[in-house]
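Once you scroll down, you'll see the structures, which are given as C-alpha cells.
Two complexes are shown next, each including chain A; its partner changes from chain B in the first to chain C in the second.
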Partner chain A sequence: MPLDTSTYSLALLRLDGRRWNELRRLTAQISTQVAADGSSYLEMGNTKVMCTVAGPSEAKGAGGVRLGNDRADIRVSISIAGFSGVDRKKSGRNDKRLMEMQHTIASAFAQNLFTKLYPHSTISLSIHVLSQDGSLLAACINACTIALIDAGVPMHDYICACTAGSTSSYSSNDETADPLLDLNTMEEQELPFLTVATMGESDSVSVLIMETKVQVGRLEGMLAVGVDGCKQVRAILDGVARARGTKMLEGSRM
Partner chain B sequence: MAPQSLQQILLSPAELSYLHTSLSSNPPIRPDGRTATQFRPLIAESDILPGTNGSARICFADGTEAVVGVKAEVERSSGISRDVDGEGEGEEGVKKGRNEWVEISVDIPGERDDDSNPIFLAAVLSEALLADGEFVERLWINRHFHWRLYLDVLLLSPPLSYPLPLLSLTTHLALLTTRLPKLLSEKDEDPLFSDDWDASEPLYHPPHTSHPPITLLVMAVQETIIFDPSKEELAVADAVLAVSLSESPTSNSSSQDTEMEMDVEGGKKRNLRLLAVRTIDPPSRLTHKGLANKVNTATGGTAQKNLEDGGGDGEEGVWCPPRGGAKRGLIKEMIGRVLERGGVGEEVLDGLCGAEL
Partner chain C sequence: MPREVEPSVNERQFFEKALAENLRLDGRAFDQFRDLELSFGDEFGVADVRLGKTRIHTNISAEVTTPYPDKPFDGLFTITTELSPMTSPHYETSRPSDPEILLSRILEKNLRRSQALDTESLCLIAGHKVWSVRADVHILSHDGNLIDASCISVLAALQHFRKPDTSSEGENVTVYTLEERDPVPLSLLHFPYCVTFSFYPSTVEEGETVILLDSTLLEEQLREGSATIGINKDGELCQIAKLGGISVDAVAFLGCVQVALARVKEISTFVIKRLAEDAKKRDKGDLMAELRAENDR
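Take a look at the complex of A and B:
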C-alpha cells in the first residue's frame, strides 16, 4: 500500500476507512431466479456475483451417450461481464485465470457435496460476475454455497471464503505489519494476499490460494485472520439461509 | 430469415392441434388464461451497478432474467472524413454521429458469442436503437472526440422463450438510467469532464428527447393476434413479428408520415413511432405433421399409399405445420395493434415508466 502506508500507520485505518479485521458489507439473496434449480446473488462490498445451479441432472454426452461414473460431476463456468471492471473489457472463454478459478471451485465442492448420492449426473454451476472489486474468488465460492443450498444439494457444511493480506510488501522488513481482512481491488494490487475457504465452523481449510510473494513469517498471521473472517462470513450466510427456510415454512403452513 | 432460437418443443401433434384450436378461437383461450393483449408480470430494477453508466435487471414471470450494463468511453474520432463532412455543412450540421459508436453484445448461456442467435438478437436491438439516427448524435462531444457506448446484454437464465422482448425491455431501462459526465471544456478543446456524478447528464431526457426503443413480440394464429407469447404458444404460431417502436418527444409534435396521428385534445397521449419490423421464424415450422385416424394403422385406419399425398390436410383436429408466409393484411393488423392509441405499445411504456420510479 505505497499510496497510504503513512496514513495506515498513523490512524490504523485502511483506504476505505475499515480497521484491519473488518469485513466489507456482505449481503446475499437466495433464490433470485425462478427458472433455475438454485440461485443466489451475493455482494461483498462492490464485488457482485450471481450464481445459478442446474441439476443434479442426467449427464449427457455428445449424441445422448450416458456419461459419468458413480458420483456426480460438478461443472463450473464463470463469465465476467464486460462492464464489471473499471474499463470495459471482454474476457475470452479460455482465460487461464478463469479456468483456474473454475477448477478451484469445482474441486472444493466435489469434496463438500454428497456427490455419491447422484451417480451419472451433473451439477452445473454458472457464475456471472457483474461487478468486481477484489475478493472475486471468495465471492464466487460464497455465492455457490448459497445457490447449492437453494438447490437442495446435500452438503457436509457451508464452504465460506474470504481474503486476507498483509500491510507490508514482500521486501520491506517492518515488524509492525498488520494482517488485513477482506481486501478490495486497490489493496489487492498493492499487497500480498491469499484467499482461504473453510468448511463451516471448523478450522479445516478447503481452499487456499496465494499468487503473490510474502515473507513466510507473515503467513501464519494472515491465515489466522482469514480463517477468522470465514467464520464471520459463515454467520452471515447462515442467517440468509435460515431466513429463507423460515419463510418457506411459513408459506407451507398457509 | 431469422435463426431458430428455441430448442425443439416436445409437444405431440395432438397437443399442438389442441393449442392451435384454442388459440384461434375468438376470444382466444390461452394456456395460462391471459387475454390476448395481457402481459405476464415482470420484476424490473434499474441502476443496480454503480460501476456502470447505466444498468438494469428484469425478471420475467417464466423465470428468464437479463442484466444490461452500459459503459461509455471517450474515443478520438477518426479525423479526416469527419472534417470533410463538417466543412460542407457549416456549424449547425456538424453534430453528426456514426453508427459504429454504439456496440451491442448479447451473451446467452450455452452459446458462443459468434453463434448466429446472439448476433441476430444484437442486430435487432441495435437496428431499433440506431433507426432514427438521432441517438448517435448525442454521443458527439466535439469535432475530435466522441463517446463510445458499449451495451453488454446478459441473459442469465437458459432461453426458455424467445428472449428478444426481455433483452429489449432491459436495454430500454438501462439506457433510461444511463448518465454521462458533464462536459466542462468548450468547443474543440480536449474534453474535460466534471468529476461530480450528481452533475452528470442523462443520455435520454424523456420529455425532451425520444424514449429508447422497445421491441415487442407479436404472434398470429390464423386471424387471432396474441402478445407476449409463451414458449408453448410460439410452438403453434403461424407468424411471429418483432416490432420495434419508440416514443417521440411530445413537445414538437411535427406530423411526419411515420408518426401516429396526435389527437388535438390529447394531453398525455403518447406519440408512438414504428422503427423496425422483423419476421421471426416460428418454431412451429419444424414440428411434425399429425396423422388423421383414417390413415393411421395404430387406430385401425389404412396406411396411406402415397406419402406425398399429404392425407389429412386441413382436417379439423389434425395438426399441420404452417406453410408459406403471412398475409399482408394480417401483418398490417399486427403492427397496427401495437401502435394504436391505448394499445399494447402504450401500455408497456407506461409500465416501464412506473419501474423507473
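Take a look at the complex of A and C:
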C-alpha cells in the first residue's frame, strides 16, 4: 500500500494521526506467567510480544562442561505465531532473519547482564510474537528487559529499543525530510528506518540495525530521534517495574 | 568436531596490555587496514581477494531459468557462502553456524536488498525466462574480517563477470557462445562495500570505547562487540548491523560512518583500477574496441 507522503507534508500528521516524534501507545505488564522465573507482556501499538525467562539455571544439553564457561550463557528463541502477520506464513526453523534477531538479543544482553555472577549456567529467553505491526525487534528487546527484571537477574541498566525513520525515500534528496519515531508496518515497508537500542538514559548504542538504503546525512537525525525515543521507552518501562516493586512491598507488609 | 580454539589467558592479557598502550599486535594503527590484494581469474567472474592473511575466492555463474511467479520481471541473484572445515576446523558443513548466518545475512542485505545488481535487467522473457546469477563465495583462509573481504570479492567478481549475449524472437531465446558474440557485463547500479569496526571496552575507568578497523582473527575473538556498515561511494548507507555487544556512544558511531565512507571511496578506486588493468591485459592488440558490439553512450 503506497504511503502518501504528500499528506504528511501538508498537515505534518502521519497515517495514524501521530506527529513525527510521538511513540505509539506502549503498555507493558510484568510477571504475567506464574510458572516462569520471569515474564512480561508488551504492546507497542499493535505489535504484541510475550517473553518468558527460565533461569539462571544449571547448564544442560549435550555440550556438557565447556571450557571457559565462567559466565552465564544466554539463549534466545523467538517464535512468531502464524496469525501474527497480515498474511499467514509459516516460518521455517532455519529462518535467517529470526536467527539474526536471536543472536542480536543474546549478545546485547550478554554485555548488559552481570553474567559473571552465574558461571556454568544458562539464562534462556523465549519470545512469542502474537501480533506484528512494525518495530518487532524493538518490542522483543523491551519485553526481554522487563522479563529479566522480573526474573531478578542483575543488570547494568535497562536496554530500551525503538525504531526511527525518515519521511522521504533515498531517491529524493530534499532537505525537508523529517525524522520519524516508532514506525508501524506500513511506514516500515515504505520508508528507510533503523532499529536502535540504548543502555538506559545514556546515549550509548547497544543495537543499531538498518536494512534500507538512506543518504548518510539523514542518519544523524534518525539516530538522534531514535535515541530520544529510547529514553521515553525507558521511562515507561521504569514505571512498570517500579509499580510492580511497590506492589510487592505492599504484599510483604501484610 | 573440534571446538574453536580460544585465545589463551596470556594472549588475552598481552593483547589488552598492548591496546592500553595504543598498540596492535601487528603494529598497525587503530584505523589502518591490512594490505588489500585483488586478482582476477582467466575466466570472467572469478575474483580472488586477499586482505592480510584472509583470502576469499568468488565465482560468478549465470544460467537461464524460470522466474518466481510473484516476480515475473525479476531475474534471480543468489549469494552462497559456506564456512567449510577448510576455513577453520571447527566449522561443520552440515549445520550453519552463527558467523555464517551473519555473513550471509549481511551480504544479502548489502548487495541484494539494496539492489546493487539490477535484477530487472536479467529478464529475458517476462514470466518465462530470466538469468539466474549465482555468486559462490569460498573462504580459503580465515584471518578475520571475512565480511569486508567477501563483500569486496563479490562486488569485484560481479563487475568482472560477463554474461553471454542473447537475442530473442517471440518466445525463443538464443544464447550465443563466447566465440559467437562478445559477452555483456551485468548492469550494476551502485557498489556498496562493507567496513567492519571492532569494539573493546576502555582500559581506563570511564574512558571511551576502543575502536579497531579490519581486525585479525585473534582481535575478532577478543572483541566485545562489532558493527558493520555498508555504504557506497556516493554516501548512500545500505545497511548497518550492530548486533548487540558493548554499547558505543552515538556520536562516536556517527564518526565511524564517516570513516567507513572514506574507506569505501578508497576501495572503490582500488577495484576500478584493478579492473582496468585486467581489461587491458585481456585486450591483446587493442582489438576490443573494434570487435565490441555496444556503442559508447
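Couple of notes before you dig in:
As a convention for this text, the second predicted complex is superposed on the first by the 246 of 254 C-alpha atoms of A that agree within 3 Å, B and C clash if a C-alpha of one lies under 4 Å from a C-alpha of the other, contacts with A are read in each partner's own complex, and residues count from 1 in each chain.
We adopt the following convention: contacts are C-beta pairs under 8 Å (C-beta built on N, C-alpha and C of every residue); 3 or more make two chains touch, one makes a residue touch a chain.
Since we're looking at a predicted model, the values are computed, not measured.
Contacts of A:126 after superposition: chain B is touched, whereas chain C is not reached. Of the two partner chains placed around the shared chain by superposition, chain C is the only one that A:205 touches, whereas chain B remains out of contact. Of the two partner chains, chain B is the only one touched by A:90; chain C is not. Once the two complexes are laid over each other on the shared chain, residue contacts for A:249 go to neither chain B nor chain C. Between chain B and chain C, the partner in contact with more residues of chain A is C.
Contacts of A:81 after superposition on the shared chain: chain B is touched, whereas chain C is not. Of all the residues in chain B, the ones that touch chain A in their complex are 48-52, 55, 59, 61-65, 67, 69-71, 73, 105, 107, 109, 112, 150, 152, 154, 156-158, 160.
If you check the complex, the residues on chain C that touch chain A are 3, 6, 96, 98, 101-102, 104-105, 108-109, 113-115, 224-225, 227, 231, 235-251, 253-254, 257, 261.
Remark: chain A residues 66-68, 94, 96-97, 99-100, 103-111, 170, 194, 198-199, 202-217, 219-220, 223-224, 227 touch chain C in the complex. For chain A in complex with chain B, the residues that touch the partner chain are 32-36, 46, 48, 50, 52, 54, 79, 81-88, 90, 93, 126, 128, 130-131, 133.
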